[in-house]
């Protein structure tokens, strides 16, 4: 399993790492039992993502997808941000190994949650609810992963 | 499967090859369908093997065991000659590969047949009859052979 | 010993020095496990995938992952036969193999025959080929797999694989071919042949022993044979032999590059061998002489009145390495199942001679064999108590 | 990149240059097929049998033909599990394996579980060992085979094989051990251990990838796994990898010769690594720290609050090759079945680090790792949204 150069770049030098102290919205997804957890904080400016930070516990792909999604989202309208798909994330990174495709869901789900958190805090309707994979009780992030060699 | 030096010597320079024109006894065993046939002719002198010759169609071990059995038998009494065992033949050759052990039966059987042929021609009782493996309807020369690697 | 002539390239080939050269760095420096994530592992993985792509390109596979690296022709054959027959948990059905397959195909077929499957062995014709009509007649509704070798390793006849595969597919079964003897020697194109699976062996193409490939058409279900860490896309477990697989790919590319000149060269050498040997040795016959198509490098003869091993050992003493067509070159008395399957009488099958040529064979090697064979045959025939009878019979049948 | 430190010898080892040297002539000059009768074949056969004798001597086998050359640890394991369980046509019975076996043992065991056999997985204790009492309790009248690995490949704990084999034999079953990680590293003596079968892999002992050995005690019935030409006394078909097998034997002899100095050297390096790493990295723990016996070259840590692959990739960027104890170093999210089996919590199992030392490891490599690890862990923990919570929990459990 080999990561693209872009994945390695975002993994090694992740953009927008941290927590915004005065965040307008926060999204947290994942679970340490599964091996990856992501927290995203956003500042919203005129219904656009003004600033954005993330923290991720996870593999190389989890960190890289988190990093790229913050770059993609910055400046987007909230509607645009929640429309980012996992394939767009993977594509933006020059592809992900099949076993790692689930990581891009982590990143898009985290962003969606942060946006909805902001909207709800404003007394507005959440717009991403229903499209967040991690909220689906049947969602199994491991489902796609079993196509790689193992023990060494 | 590797032949001993002594097998290779007797195969490459077989002793007593040929047919005695004025033979006192002749033994022929084997079958071209099985891949080996041996014919042995003897001259008898005072109930001893005076002279002896063989012809063999067969593998290296068949030829070597034929050759050594003629050397062993020459000068023996008829009773001694028919008592030569297949293990003695193999031993005299410094051993045979397991797959080739059956070849030594060919040689001892041929000798036994020649001795009995002589005795019967003299109106005497055959002495080897009943100990000749090739006369046994259940005898399968291939029985011991299946322990070697094959196709190359 | 003076000259030595190796004329048994169908048994095995030397590793080409260029292949050794290509493998060497992967033993000592680029030794990483191709499944490891760090740089050394990624380097090994890239080299392995590169080898896979080169093999895929050579045989015109649709995708690199149709190439599964194995430990040899035998493992490829076992995996294809058992893995395809039992795919998806299937435990019964009908399979068809030709009667002159290598034992690496026959034994797994017989194993299946003892474990719920029914096996039909198709008899080839005396010309050394399996006829598509016979296959069509043998196919049943429950036939799941047909395996017919591409080039026979003893007599060198080439089977009409494209037709056989088409007939098989029309009957709804999968088609596998053992191409251990053909890869590199003649054009091998999985797309043109239309096979679902094919077996190859590295040591027949100047690559290392203990390497092989199973081609498996994308989407074909296979139950895994070697199970474990899940390497080779879960189709064949075991840490990949990176150096060996690079050796395989390199060897194959050399075969491809040199074939345009090498195939006609070997064909000419072989044709000279055949005509001179038949001229020199009384009663000698070329086996499967009527074959419509044959491999450039194999010729198999019957030398009546002579036993194969004895002939082989005398030729060895003269510095010549050949093989007897007998199924068991080293030990068994059993005559070749291949020769018997094409109608060769048992007593003649014991006296067969396989000569196989290769990259380093020259005209001198052929001269050496021809010059040495006549006295060997003469000597063995003079020791054969039945030779006169044999000649009389031959004279009878030949008139 | 400046210094590179390879610290993943349990994954694979470079081929020792002396091993390459020993193999080389068998690629190009002495390339004969060991089953061929002529001089070149006999030379190969002699070299092969010599290699077999050298391996037999090293492990104290009673006879050379107890050594079966295979294509690697995976094939040896598959052959042992399936070949012993189904010997003589047996199609049902009970088998026992430990829960932390390599997948090359677990997968065939599970396969047997789906094909008529019942499988019990024995849970090892938190000290990383399988207890003979537990095995005694699990044995049944119909138990036919027990397989427990000698040295675990992830955590390096050594199992009490002699006791386990004795308990197994008292129960009337056969005992197999996967010794891929122990061969050469510690004494391995089949007679003293009393095992019926044992698996080894060449690429773990500075031999070539794609080579292995199955030790099978004389007289033990086995159903053949790879079928075909009947090589290896009919126990494993396929043209023998003469060069590779010579490489295996040579590598093993070098391990034996150097072990008296090498084992204490590695043990000292490992002990320094353990104490410095635990001192340097807050909350780090040695897995199976209470093990009564461990391999000299493997240490496995949990680094709470860190994910293994991310740690591995940052260390790789610093020129250090290590592995995460996770079962699937390259791809899967599944935490190591080995760590889970000894009671390691799932969230910690995701953050494990396996360091394994070998012939070319020096004090500088250890310094390099220790020096590089702290900032990597620091950085990853600072990016972990749950780290404060983890620390609070650790503080709770640690008081």
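For reference, chains read A, B, C and D in written order, and residue numbers begin at 1 within each chain.
In this text, contacts are C-beta pairs under 8 Å (C-beta built on N, C-alpha and C of every residue); 3 or more make two chains touch, one makes a residue touch a chain.
Given the structure is predicted, the values throughout are model-derived calculations rather than measurements.
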Required steps from subunit A to subunit B (each step between touching chains, minimum): 2
Centroid-based (C-alpha) most distant chain relative to subunit A: B
CA centroid of subunit A to CA centroid of subunit C, Å: 54
Between subunit B and subunit C, centroid-to-centroid distance (C-alpha), Å: 38
Multi-chain contact sites of subunit B, meaning residues that touch two or more partners: 1, 146-152
Of all residues in subunit C, the ones touching two or more other chains: 8, 11-12, 33, 35-37, 41, 102-103, 228-230, 239, 309, 313, 323, 329-330
Subunit A residues touching subunit D - in the complex, by the definition given at the top: 1, 8, 11-12, 14, 17, 19, 28, 32-39, 55-60, 62-63, 97, 99-100, 102, 141-142, 145-152
In the complex, subunit C residues that touch subunit A: 33-37, 41-42, 45-46, 228-234, 239
Touching residues (chain side subunit C, partner subunit B) in the complex: 8, 11-12, 102-103, 153, 305-310, 313-314, 317, 323, 327-335, 346-347, 350, 380, 383-387, 390
Complex interface listing, subunit A residues touching subunit C: 1-2, 146-152
Subunit D-facing residues of subunit C, complex: 4, 6, 8, 11-15, 17, 19-20, 24, 27-29, 31-33, 35-41, 71-75, 77-78, 102-105, 107-108, 111, 201, 203, 208-211, 226-230, 237-244, 309, 312-313, 315-316, 320-323, 329-330
